[in-house]
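Take a look at these structures.
Each of the next two complexes has subunit A plus one other chain: subunit B in the first, subunit C in the second.
And then the complex of A and B:
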């Protein structure tokens, strides 16, 4: 019973942090289950996958309401992403626990540094200037930017290159039970000329579809136990909703240093655990 | 006169193309997707919460995960997944909730495919069907592996 409470609280924490800094939350759920609750890492990744799916759906609801998601583009990019995800989900069954710990540790440290840099130096990650409309691509669209109060049009470019990078995002998603938004959003923004807000919204929706692929495979592998998953998912949803309200009141600059510390610490612990230096 | 007819047809085609690519059409799709996803999510959450409380009321405990045995992927072995938890039938609602959660994005893609078909955007409809096919393929791999 106490474990259920821990899972619920961990879910709230992951959902809250995830919605504030724009990540799925899976990157926090896996270390908590694997290191604190000593759950087998394959089971932790399966649980995380369902949490990522729930977070994605709750975010998609908000973004669909605001017409921020480019559904056609999401579906096109989802084809290579799901192929990568299937490859990642299959690969996970052949990897030993220690190897997964090391890969996850590296991914967490890199993600932490990237998230820190993105929030610390936002001017370096500004969206590209949108090109004029009129190229006639079926993915060209527009959205209403609430901050500027204007309708913003954009042309989508380099769909092939963006799709190729999506394979990598899908692979890591399937392998580690994370969303893969950290790869997809910059790729869509910088390579495909999609505005940052649309990239984030479209990526959120895509993460849900990618998570379906991995979730199904994990489920039939027996890596999803509802007794662990359900309290975490409910917690994540509560945290994500709370985070969306809290995000307007929290000063991200102060928080981002803490996030970096948390990510580096988690990454280092997973890394050391993988090499057998840290034992629980 | 013939030139005028051709011109008129071209104008109609351009108008149709503009209508199909117009923000109104895309916004309409987003509205449908919103309804599908929020309905599915609400139903899944209802099942998950119901299952959660049923488990608390029963004897369900996640302590068994330490002895969790990895089951194989054959459909008949699904019973192993149930038997590997102490809750068994008590977890039925939770399993249904998780399945429902997994099915929500699938329902969204079906909705998009139907919408694209109705609006004669056949290229996007084919893409949506391809994504659906890959999802089905993943389920098959899940069973067969």
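And then the complex of A and C:
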């Protein structure tokens, strides 16, 4: 059986694609394990969470070097996110396989559409008008924008509403074994007026803590098997590091339609599997 | 109050070092475990025995057990388990380091925030 090799390759693939299109990779690992390798979905979710944790840690190192993480804001938002992820990680143990497949399917389809829109129409992703007025907060900061070559300062607004959405992001993260950045990043960007790059970096940094809490709860429930997790984690790290080099050279716009198609197909398969239509 | 991100390159370097060390140490142990597993069994088979799963009542106790030599008996599996645990503990150490830093610079607001995060983490790690 070459199952460990498949896990390793799946990890590389997820890490590579994840770092190129800016997602954690969990959304690709869970379906691969559950649909292709026929791993029980709870174990797939546990494995994915450890992979997400590894990606978050290695990505944070990169973001630190570019000074793009707002560590103060991250600490504050970690509190609601963690509470949400505890709730999600406990809930998953009570959910039947079919239900998880269905929720995961829906989440993947929505994520695919969102990723498509974000990359296809980046100019539409701007802070809301209400987020632009009013005074800032203690989280106001600045970062160096590589594209424009300028130091950009920004005010952080609506921390309370942002935190409320983080609870939801944490919940889905704990429930599905994904990072939850797909909810957090746009929320921070549009509601809290945090620049997209800083939102991405800060969200990724926060996922480290969220993932620890979830993976410890999974661990209590026996969802983590090192023999499955380790090959995938090694693969994800290799993939993510290679992806970070490739990302500068690849134009995402050209492949974004393919990505949308892949996400919707994966989502649909998970969905059908949940309803028992897709059996193998 | 000064924004945290300005002039705090010191803490960012420390946190960055913690993350790199954690990931590298864990990756090293995981790779060693995988190689050993291959040498021992001659293949990369996955046993589905429940004993192969990390499972326990308390994360801290589980770590203590490993230190006392009561972890998985198979060396390869032990390395894989420790590698996974180091990965899981890295963010925890990161929060502890942040707390020490905020106490050092006497930033009350952030000491409080970091303490809340740390308490949530400790509760999750020790309860159940």
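Please note the rule applied: the second predicted complex is superposed on the first by the 268 of 280 C-alpha atoms of A that agree within 3 Å, B and C clash if a C-alpha of one lies under 4 Å from a C-alpha of the other, contacts with A are read in each partner's own complex, and residues count from 1 in each chain.
In this section, a residue touches a chain if its C-beta (ideal position, glycine included) is under 8 Å from a C-beta of that chain, and two chains touch if they have at least 3 such contacts.
Since the structure is predicted, the reported quantities are computational estimates derived from the model, not experimental observations.
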item	value
Room on subunit A for both subunit B and subunit C (clash or fit)	clash
Which superposed partner A:2 touches (first subunit B, second subunit C, both, neither)	second
Contacts of A:175 with subunit B and subunit C, given as first, second, both or neither	neither
Which of subunit B and subunit C A:192 touches, first, second, both or neither	neither
Partner chain in contact with A:64 - subunit B first, subunit C second, else both or neither	both
Which of subunit B and subunit C A:90 touches, first, second, both or neither	first
Subunit B versus subunit C as contact partner of A:72, first or second or both or neither	both
First (subunit B), second (subunit C), both or neither touched by A:42	first
Which superposed partner A:27 touches (first subunit B, second subunit C, both, neither)	neither
Touching both subunit C and subunit B, counted on subunit A across the two superposed complexes	1, 3-4, 50, 53-54, 56-58, 60-61, 64-65, 67, 69-72, 75-76, 78-79, 82-83, 86, 138, 140-142, 208-209, 211-213, 215-217, 219-222, 224-231, 233-234, 237
Subunit B contact footprint on subunit A (complex, rising order)	1, 3-4, 7, 38-40, 42-43, 50, 53-54, 56-58, 60-61, 64-65, 67, 69-72, 75-76, 78-79, 82-83, 85-86, 89-90, 93, 138, 140-142, 208-209, 211-217, 219-231, 233-234, 237
Residues on subunit C engaged by subunit A in the complex (per definition of touch)	1, 3-6, 8-9, 11-13, 15-16, 19-20, 22-23, 26-27, 30-31, 33-34, 37, 43-47, 50, 52-57, 59, 62, 77, 80-81, 83-84, 87-92, 94-95, 98, 109-110, 113-114, 116-117, 120-121, 124-125, 128
In the complex, subunit B residues that touch subunit A	21, 23, 26-27, 29-31, 33-34, 37-38, 40-41, 45, 48-49, 51-52, 55-56, 60-66, 68-73, 80-81, 84-85, 87, 91, 94-95, 97-98, 101-102, 104-106, 108-109, 112, 121, 123-124, 127-128, 130-131, 134-135, 137-139, 141-143, 145
Residue ranges of subunit A touching subunit C (in the complex, touch as defined)	1-5, 50, 53-54, 56-58, 60-61, 64-65, 67, 69-72, 75-76, 78-79, 82-83, 86, 138-143, 208-209, 211-213, 215-217, 219-222, 224-231, 233-234, 237
